[in-house]
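Each chain gets a letter, A, B, C, D and E, in the order it is written, and its residues are counted from 1.
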Amino acid sequence: MAKRTVIPFGPHHPVLPEPVHLDLVLEDETVVEAIPNVGFIHRGLEMLCKKKPFQDIVLVAERICGICSMIHGVGFSQGVEKVMDIDVPPRAEYLRAFWGELSRVHSHILWLGLAADAIGFESLFMHSWRVREMVLDIFEETTGGRVIFDVCKIGGVRKDIENEILKNRFSQQIDKIEEEYSKLAKVFTEDYTVCHRWSNVGVLTKEDAHKLGAVGPTVRGSGISQDMRTLKYGAYEHLDFEPVVENSCDCYARTVVRVKEVFQSIDLMRQVISKIPDGEVETKVKGTPKGEYFSRVEQPRGEVVYYVKGDGTKNLDRFRVRTPTFANIPPLLQMLGGCDLADVPAIVISIDPCISCTER
Amino acid sequence: MGYFAKSPWLLHYDGSSCNGCDIEVLACLMPKYDVERFGIINTGNPKHADVFLITGGINTQNIDVVKNIYNQMGEPKVVVAVGTCATSGHFFSECYNIIGGVDKVIPVDVYAPGCAAKPEMIIDAVVKGLGILEEKKKKMSPK
Amino acid sequence: MDWVTFLILFPLIPAVILLFTKSVQLQRVVVLVSSALIILGSVGLACNYMQAGGTYLPISSGFFNGLVILGDIVLALVFLYVCRKLPIKKYWIPLMVVIQYGMVVTADLTGGIPETNRYLYIDNLSIVMALIIGVVGSLIAVYTVGYMQHYHEQHKEIKDRRCTFIAAIYLFFFAMYGIIFSNSITWIYFFWEITTLCSFIMIGYSRKEEAVHNSFRALWMLLLGGLAFSVGIMYAANYCGTIELQKLVTMKQSLVIFPILLLCFAGMNKAAQFPFGGWLLGAMVAPTPSSALLHSSTMVKAGVYLVLRCSPILQGTASGAIVAFIGGTSFVMCSALAISQSKGKPILAYSTIANLGLIVLCAGIGTSFTLWAALLLIIFHAVAKALMFISVGTVDHQTGSQDVEDMHGLVSRMPILTFTMLIGLGGMFLAPFGMLISKWAVIEALAVRNPVYPPIVIFGGSLMLFFWTKWMGTLISVVGKQPPIKAKGIGFDEWLGLGGLSILTIAACVGFPWIGHYWIQPLYGWNPMLSERIEVSVALMLGLMLLPPLIFACRWKRLVHTEPYLSGLNVENKYEYLGSLGAPRRWSFGNYYINKYFSEAKLFKGTIIGTTLLWILMFFMENL
Amino acid sequence: MFEEQEVKIIKKENLHSEVQTVIDDDYRLVQMCATKTDKGLDVDYTFDKEYKFLDLRVELPADKLELPSISGISFPAFLYENELHDLFGIKISGIAIDFAGKFYRKDEEAPFNNNTEIQEK
Amino acid sequence: MTTTSTILVILFIILAPVIGGIISGGDRIISAKMQSRVGPPIVQPFYDVLKLMGKENLVVNRYHGDYMICFLIFTIVSGCLFFGGNNLLLVIFALIVAGVFLVLAAYCTNSPYALIGAERELLQMLAAEPMIILSAVGLYVVTGTFDVYGIANCQHIPIIYLPGVFIALTYVLTIKLRKSPFDLSTSHHAHQELVKGLTTEFAGPSLGLFEIAHWYETVLLLAMIFLFFGSYWILGIILAVIIYFIEILIDNINARIKWELMLISAWAVTLILGVGNLMILYFVFHI
């Protein structure tokens, strides 16, 4: 039989914005073996908790990942707030949810663009990111940052959004985003070549998805309803939503999940705008954390787990993040077996890898 | 020859950034900023590239990778450190696995600070790099 | 008469001498001298008869005819002798021998065969064949001496019977010259079966289990052709009243189509057309010179030669169209199958069947256009394929593998040998080398006819492009300094064979406008080279082919050497990268084989069934 | 609203059987992590079943940082186990895909279980 | 060679890269507009090539540049044969030889991505060549000659007889022009699994040669489209422009497909539209 091809895929590779590495073993163009290696951007930032006071770790948490930084901040803050028994003002919780959903929209559209790029659909990539810029405009106006916001803090948020602006201008802006986005969504779900590239590619059965511990859109694309927002943390206690679930278990399903989740997030933002109460946006933090808690929140990529443990000093004893991509690597390996070389980028992207999260 | 300034091709590598700068680099290519106006293309292959955009600090693992990619770029070439992490390491320089900014490993020509560096900043840095590119070309020519 | 008799009978002398010569040096001398004589004889023959057109060489005495009958009987006995160890359930192999020889010999002895005195015939087609046998064959024979020496050094377990092997080559020359000069089909039949015997001896040379099995497969398949041949003789003798080939092909179509089809069957069977492709693939277990000589450049050519002879009858008939279609199917299918192969010799075997298929396709259509192309194909294929075979054989000896994958970067290890292989490969498919030119002629010739045939040629040609380029690329990958191969060195005979064939390949390419003009045009009365523009462009492209070597000779300044791109994971050794598990890992590359579509498992059976049906249809059609 | 979280401390010897029970009960492995304590390391195995949170904790003494691998029971554990090995220096035997200390390539041996770090603090 | 053909050949050698470069620049602008961007200036491709020529000549080994030169020369020659009014089949074969040299150049570099790119390029050739040769056969069937001038001067418009062949040719033209969805072996933007495929190891001047050869190739392929309009040359030019625009459009509205679909679809199109068209001509209209 033919000799096998062995190639390094990454860390520097144009389809991967981030360094991840796979040893691919191919026969013709079929992948027969893939061994991952992460660790190219391992910084060891969990150890920073020993060097910086716990309030500052929020900033570190936000910089775990530049795409879902808002929710990282929220997740970490919630952990500390639980340990310290802080009541966050409702308005702050709503604002966190607003920015959180906004960053989910931003992240998903960004992902859709990258996914289109991974299958060689340049113009769809461009158009996705064009729509994304409209989302970033809201961020820039409200927080001053485009990708990293630094608005979350323990005990609330740093900035408030005026009700006037929120209810009028932003809700109009959201309408516009939705309108532009619906056109894109149609291409992502209906275009022939797009479906060709995603259908029956990277199949992850429901059983495997559960067994291998997939999270987020990856597991929801395999027909399992799992969304940490159902835990009703923060403002989600008052917001209505149903996790989006697709049953075809392939890359296409995962795409559709994300496409639909953008609409879901837009809906959640509208709920936030209509339900947001008035009041303070932060409470004073007194004392130091003592105790431990596993804080679980839903990121655009799935469930993220923060483990915080304080021993009563200003520095945390342990700060640990388990990011969704980390959990999605075993399912990824499962999906890669037997796929085409051309599918590798599509499949790798389909779990929405965030390597800087994974390696911290 | 002034063609280097008219057709700089980019190469982007993520040192150990948080993605923030990376997506801003990509955002430069997008309709809103559209750097192709200046003939800038994101090549993705070091052998074709003129400008090396590197985001994030350097950790022990990727020193070799960064050096390797840098060495595979043909002269003249310019290195742009994008974001605070790439210029100095940001607060990650306190981490055990981070050495510091990119200039610890390869010579950097332009620094573009910011967390995350805004697209305007990145474009500005690249344009600044073009002048350096031309100068380097001139130094190369007489040989 | 003189040249022809010389060429037919002379090879018997070295055959007998070599059978009893054990010393390598002596073998070498005998082979060199007799090869030189045969080459001279062939060239002399060509010079003498080229302008003469078709000439009969009458033999009045029945002496030779008597010898042929005697030879038939001896051959039959030899066949039965080799079958002695066969298991009883394979009774049908000797049975075939008994039936066919029973018929022919009985008829001959009882006077059932019409008398004639025009036993020999020579025209430009025979001359082309004679030159191929003489020149290409002799070069291979020269190569054989050195090859067999290496062969036995490497395979100590195989009994040294190389005298038999080399003697068989000369016996084979005798038979081949007999086939191409004979006009009587009984004579052709006699020589025909000798080639079958030679093939049998050579395939089974190593006496390994696989070799013996394959040799018997080849035997029964070829005997089936012989059977058809003998039936054809009987039919021609009884119903057409003649056994002269030239007479048969000028008779009324409806009268002779049946025996002609039987002859075509025998010819295509010998040319390993489907459904009989199996024997040729099995024949690759034989030592390489026999693959080069019998199974690519000469014996199988005898098959297509016979079909070409028959083509005047086939032209325009439905049966002819089906013959063409079977050839076309073999062409496309074998080209596709060759893609799935990674070993050198099977690739060459498949492409041989494919090219023979193309020739059969041309012959089946039988217009002067296609015949012109067919003859060119025969010439180019013979030289280039023989070169390829012996190159692969040499590589096999030097590196111990004939797998294309193992030839990765051969240019860095054995530059000169690679260069000869590149010439052979170029000859197989690149413009302006011969094969592509002929393919162009085929397409041009077929375009007028019918839209069914051009796509066959076009698709087959594209498939060929795939596997040849793949091979070529693998060879020329520059892998840098390599540890030298523990070569036993390529001997003088081998270099002579390789060099001679390389020069021939190039010469055929350069000279083909003249070949077309002086040889083929008188034969078939048409020459596409007549158009001035084409000559210009072909000459232009030929000239350009000189450019690459010149460009390669240039040493460009200011090159900056670097390492291949390995995603940034280069380590010191440039064939390794830092693998996932933290240790350097060797990267590698395997060519594509597209087994999903082109594997033997997927195509072989279907092709056999399809072509068998076509054959049945063809004979059936004649009865309508 | 904060969820209820159950932390169950188990013995190292029972690790396999406990994990097997939990996995058989259709839990999925959420994460594994270790925390440095005064006595040694606490290793957490976190599971989830339909939003029900379960944490199994094994306490390892500082002088005997050894654990059997559970990647045979739950395949995804191999990543966490490599991580635990690289960051905390826990010797884990029988990992499905063992990177042998090259999972994160770093200069420091077991940076999270490093005594100098604590003295600094 | 007549004076006209000499002039045409010289014009081709001089003007083809200019036209090809402008076409490529226009392509980039139109693509940019389709992506709601501004895009580069129209002469951008020339800047790029001039820059590449000025770059350091990075090589993995010293031979691949030589193959690239052969690739360029044979591309130019096939164009010259075409404009010199030679046999169309020979033109195509010369183009195939050029393609083979490109593949060999990639093989020569012996780098994993380039090798896979080379193999993919071969697959692309396998998919595209049959239809290109078949279109020459089609033109022959209609005009009775393989001669380029003969076809260009024929009295009727071949496309009327050969709509299927024309559409099928347009289909595989996408493969030849390396446009999405068929930019498998190398793409304009390296956001694919093969980095830059077969051009991965070509740096500086050799990449410049590749670009220039691609310009020649583009002009030649568009000229083949032009042949379908016989002597109605204005119509031919207009249609060639429209076809190229359609190619850009296809490029922008499709994801890159996988090799299997490419091969199967290209062959299916060749067989159904190309061969089918010829069959109909032969059996129904008896041409």
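As a working rule, a contact is a pair of C-beta atoms (placed from the backbone, for glycine too) under 8 Å apart; a residue touches a chain by one contact, two chains touch by 3 or more.
Everything quoted here is computed from the prediction, not taken from an experiment.
Any chain touching chain B that also touches chain E appears here: A, C.
Using mean Cα coordinates as chain centres, the one most removed from chain A is C. Two chains share more touching C-beta pairs than any other pair, namely C-E. Each chain gets a centre from the mean of its Cα atoms; the one farthest from the centre of chain B is C. Closest chain to the protein centre (all Cα atoms averaged), using per-chain Cα means: E.
Work out the mean CA point of chain A and of chain B, and you get 26 Å between them. Each chain gets one centre point, the mean of its Cα atoms, and the points for chain B and chain C are 60 Å apart.
Centre-to-centre separation between chain A and chain E, using Cα means, comes to 43 Å.
Distance between chain centres (mean CA atoms), chain C to chain D: 68 Å.
Chain C has residues 560, 562-563, 565-569, 578, 580-582, 587, 589, 591-592, 596 in contact with two or more other chains. Residue positions of chain E touching 2 or more other chains, listed in rising order: 35-37, 56-58, 112-113, 116, 189-191, 195, 200-201, 203, 260. Residue positions 99, 102, 104-106, 111 of chain D are each in touch with at least two other chains.
In terms of which chains touch, the assembly is arranged in some other way, matching none of the line, ring, star or all-to-all patterns. The complete set of chain-chain contacts reads A-B, A-C, A-D, A-E, B-C, B-D, B-E, C-D, C-E. Across the complex, chain A meets chain D through its residues 35, 37-39, 42, 44, 46-47, 50, 78, 82, 210-213, 228, 230-233, 237, 293-294, 296, 303, 305, 307, 309, 315, 317-318, 320, 322, 326-327, 329-330, 359. Per the touch definition, chain C reaches chain D in the complex via residues 580-583.
Across the complex, chain A is touched by residues 342, 405, 566-569, 577-582, 585-596 of chain C. Across the complex, chain E meets chain B through its residues 28, 32, 35-41, 44, 47-48, 50-51, 54-58, 189-191, 195-196, 199-204, 207. Considering their complex, residues 409, 430-432, 436, 440, 443-444, 447-448, 450-452, 454-455, 458-459, 461-463, 465-466, 469-470, 472-474, 476-480, 531, 533-534, 536-538, 540-541, 544, 547-548, 551-552, 554-556, 558-567, 587, 589, 591-592, 596 of chain C touch chain E.
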